[in-house]
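The two complexes that follow have chain A in common; it is paired with chain B in the first and with chain C in the second.
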Partner chain A sequence: MATQDKRSDTSDFPEIVNTDNLQSNMKPIYYSRTFLSIIGGVIAGIWGFTGFTGFVFYFVVMLAASFGLAAKAKFSADSYFDSWNRVLLDGILGGLMSFVLFWTFAYDIVHIF
Partner chain B sequence: MGLGFVVGIIGGFLIAHAAFSTIQYRGELKIMEEQFTGPPFNVVIELLVGLGLCLWAGLAVPTKFLSILPHSDENRVVSLPANLDFMVFNHRGKVLPSNPDLKLKI
Partner chain C sequence: MADDLVLDTAIRNWVLVPLSVVMVLIGVLRYFVSKLIRSSQNPDTKAIKEGQAVIRARNLRSAAHLIPSKSFRSRRIYFTNEENGLLYVPKEEAQKAQAQMFQDPNMAMDMMKKNLSMIIPQTLTFAWVNFFFSGFVAAKIPFPLTPRFRSMLQNGIDLSTVDVSYVSSRSWYFLNLFGLRGFFSLILGEENATDDA
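Presenting the complex of A and B:
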């Protein structure tokens, strides 16, 4: 009877997960977000964004990246991650710094020198 | 993976070309002494296409996600090594009637 009860709640988060894969799934997310932050920064610099507009552009790019990552995970984060936050929110603040660096870099090259 | 790289490189090249065009455009504006309000329309299109291509490449090139569920097909325990330690020949099956013409069901 006890084993039957346990089997009836398989809809919950499984207690045993393949933690190697869980860890290694963080890497593509990190690489994708860093690369896209850099590209977004360069484009913002070339386009000539200053101030607030640039940050808005960054969050638009990150939104597109989140959507792309969710699509890559086939919209079922449960089979690849332990929570949706990992797919949608992880790495956004870290990418912000790379974005600002390449934004100022590109802006200087194109518009000032 | 190769296609993703090529797409990413094309996107990067488009962005670099847009940068050169904008620098040229600014030079022309300086000569005509006008203000810079934004890059010309074709440069904007180039930037957006470059952004799209790099978005696609940035998501497709890193390795695909691996399933974390213990019961999925890709996470099956690797099969036992095929050496003699795991092959048992002296078992009770030899007293059972057997049909040597049976095909193996894979």
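Presenting the complex of A and C:
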């Protein structure tokens, strides 16, 4: 994840955000969450999770992804993003639909047919 | 009794997989078609000048605390001066410009093309699914839903005792429609026109 530092050097003025860098930092978050939700869906289907367990598994995967992203951002959201919410929460609901699709697909292929 | 329906492998081979493959291919096709038919817009000099002036003003605004206030004020007057300020537009001209934007044929054509290119494949695919793949159980969703969803998910199946988890192919179509958006953003890169938001 090639992130770029985007904060200005003075510390007690309101910070300038370089929007190009911010957007290019958002992309790895989005791509990695989408990819992990697809893979997580296939895994959940193959293992045969049903109902509530599957959703719990999805949120566990998303938590692991958030932890990995935070570790990559060296645990200081301020130097790469404008708020913690973007690192931790962005893209979770969008990935849910992909997760459900691939979960249904894998579950049906392995267990029903 | 309602649990553990045994579904034919042929359903998997000939319904689920082809439907997903078709939707992926249609999405890719739509992406390339929209790229091809996008009319090459000749940039309008005046519009570009105005856009660059707006960007300059925005940079000034965001960095305002870093320059002495006198230079900030003088720059601001340069932009908003009533006689020859870059950003100052008299009221009549502003309304005229907006009306012209709506009548501009290029922009209207582009918007219409984008809308059409999204609606037509969806409608056609939905009609195709309804025609060929209705009247049987297509898949089982791994999580249970309340019985109120039965009419929405099982519309081709006329038995009322089948578990709500067993859905028809129309709901498989909708599941694909929403779930493949993330997949498209992975394989097609950033600006893909598959967002139906």
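The rule is short, and it goes like this: the second predicted complex is superposed on the first by the 99 of 113 C-alpha atoms of A that agree within 3 Å, B and C clash if a C-alpha of one lies under 4 Å from a C-alpha of the other, contacts with A are read in each partner's own complex, and residues count from 1 in each chain.
As a convention for this text, contacts are C-beta pairs under 8 Å (C-beta built on N, C-alpha and C of every residue); 3 or more make two chains touch, one makes a residue touch a chain.
Given the structure is predicted, the values throughout are model-derived calculations rather than measurements.
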Combined model on chain A where chain B meets chain C, clash or fit: fit
Chain B versus chain C as contact partner of A:Pro28, first or second or both or neither: first
Touched partner set for A:Leu36, first chain B, second chain C, both or neither: first
Which superposed partner A:Ile109 touches (first chain B, second chain C, both, neither): both
First (chain B), second (chain C), both or neither touched by A:Gly95: second
Which of chain B and chain C A:Ala65 touches, first, second, both or neither: first
Partner chain(s) touched by A:Thr50 [first = chain B, second = chain C, both, neither]: second
Overlay on chain A, chain C to chain B nearest C-alpha distance, Å: 11
Overlap of the chain B and chain C footprints on chain A, listed as residue numbers: 14, 16-17, 27, 31, 35, 109
Chain A to chain C touching residues, read off their complex: 8, 10, 13-14, 16-17, 27, 30-31, 34-35, 37-38, 44-45, 49-52, 54-55, 94-95, 97-105, 107-109, 112-113
Chain C to chain A touching residues, read off their complex: 5-9, 11-12, 16, 20, 62-63, 65-66, 139-144, 175-176, 178-183, 185-186, 190
Of chain B, residues touching chain A in the complex: 11-12, 15, 18-19, 22-23, 26, 36, 38-39, 43-44, 47, 50-51, 54-56, 58-59, 62-70, 72, 75
Touching residues on chain A, where the partner in the complex is chain B: 14, 16-19, 21-22, 24-25, 27-28, 31-32, 35-36, 39-40, 42-43, 46-48, 61, 64-65, 68-69, 71-73, 79-82, 106, 109-111
